[in-house]
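Order as written gives the chain letters A, B and C; numbering starts at 1 within each chain.
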């Protein structure tokens, strides 16, 4: 079966042109088929004779109004040119010489033919599944992979930390912020201002050594306490301008209002 | 091998070699045609005796098989380093910190179910061992770590496991609210006391 | 068979027998361990020569297969491998004898374009593989045959391709341009003149 694959189609003689051009894979294939019809070694092939054969063949096909692919016609035109060049006196030949063009064609045909034969010989070899057989159900060699588990102590404790981080119920505790309440401030400022005859800056009434957050709270509370004590008439407040220091002193009975 | 096996023997040999299933002499004959099948099977059996492949008959069917003593080469074990999955790592950590624990207890701590395969992997690793049953309804299996566990992780005893304070210092408890510290530390401590 | 095959030979024999794919000596060694593998493979090849089963090397890999002359008794209808088109056969031959080769080079030899499906079929069969790109403008893909190709067609190596040496010696594997240089522009007209 494989041996027959590359035999020329039985219908290549121009006088029995009932051929479909589907039989060939392009002009080179057709040329090779025709060349093999010359029944000589491809190295001995007559390119001139081959050209005649091809042109006759194409002409015959055209008379039969067969649909010809363009590349067959291009090849025909090229071969017609080659033929006329080959027949011209040698000095009138152009470059590349028609001899070289003919030789090229011959070499191409030889190469295609060689590969075609090689393909056929390859196909005819003892092929697995057709001529020679391997076991149909081999048991197979098994490589059992035994896991060598790897984990570091860090992996372990990190995993534990993540579990705890993930699963413990989240409890929100509102921290007790360090503040001085208004009552505290009233008591403190009230007590201290009693001894302050002279104008004294508000900050002096604050306790020493407070954290900055508590100091702020104490300042605010003491200021509000001072306002409250002033309303009660227990102290007086003085400030020279906006954002200037605030001064307090115990109220002097009878002098109320003179200073404001 | 013996000189000049005849074509009938060669055919029987090849037919048995490619066969998908052990073959009865009748099935063989459909392939190999006429010949003294019994004598040929006997001769092949003898020729292959002592080789890596033997011809054997089982219940009237013939087939080639590898010699029984070579089973080990057909199944070769290879150590392959593998990392524990996250689930396995967590489960192992819980067992290590709380042992002995039942699967239900592990799940309660993890907050996620523990697949059976996870405990299997840990037991296969040799780091976890069953440690009896808890005397509660259902008598669940309880798990503990093994000596291999201590060896692998380079611990002299479970007491060397970092406590909650250490974990927190290492940032391993982030991003948990600080208020949790009491709870976490406490539960670990309880365990350690139990063990002691 | 020969008396007392040693255990290493028996192991190699058994491993090759059960293997699903042809094996390289390196793969074999993973299963059979230490021993003179080359000598053993040579000895097994010799022991099985002429039998119904043969040990063969294809592209550096070894496998047992049935003897070619027994094909008729072993072939089943469904075994018939897919038939390649003429174009595919030619293309495969061109790749095998010229590899690595680009599509344009295949087309230059065949005188027609390589149909889209042709290379696909050959690659799907596992016989042809892309083998990088040629470092010329356009960097075309180049193709080569695979180890499976050698295995399927019973070739120990590409050197065993039928007629390889003759084709090379005749310059039939050289491109036309190169061959032309070699011929030094020798005329073919001589032939025609003779004939006229």
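Operating definition for what follows: a residue touches a chain if its C-beta (ideal position, glycine included) is under 8 Å from a C-beta of that chain, and two chains touch if they have at least 3 such contacts.
Given the structure is predicted, the values throughout are model-derived calculations rather than measurements.
Participant: From the Cα centroids, identify the chain that ends up most central relative to all protein Cα atoms.
Facilitator: Smallest offset from the overall C-alpha mean is found for A.
Participant: Look at all chain centres (mean of CA atoms) and spot the one farthest from the centre of chain C.
Facilitator: Between chain C and the rest, the longest centre separation is with B.
Participant: Just the number, please: Cα centre separation of chain A and chain C in whole Å.
Facilitator: 37
Participant: Can you work out the whole-Å distance between the CA centroids of chain B and chain C?
Facilitator: Distance between chain centres, rounded to whole Å: 41 Å.
Participant: Of all the residues in chain B, which ones touch at least 2 other chains?
Facilitator: 14, 17-18, 66, 73-74, 76
Participant: Residues of chain A touching 2+ other chains?
Facilitator: Residues 133-135, 139, 141, 143 of chain A touch two or more partner chains.
Participant: Which residues of chain A touch chain B in the complex?
Facilitator: 133-137, 139, 141-153, 155-168, 170-173
Participant: Give every residue of chain B touching chain C within the complex, in rising order.
Facilitator: Per the stated touch rule, the residues are 1-2, 4-5, 9-15, 17-18, 31-33, 47-48, 50-53, 64, 66-67, 70, 73-74, 76.
Participant: Using the touch rule from the top, collect the residues of chain C that touch chain A in their complex.
Facilitator: Touching chain A from chain C are residues 15, 17-20, 30-31, 54, 63-68, 71, 74-75, 79-81, 84, 86-87, 89-90, 92-94, 96-97, 109-112, 151-155, 161-163, 167, 170, 172-173, 176, 179-180, 183, 185-189, 191-192, 195-196.
Participant: Within their complex, state which residues of chain A touch chain C.
Facilitator: 5-6, 25-29, 44-49, 86, 97-100, 102-104, 106-108, 110-112, 114-123, 125-135, 138-141, 143
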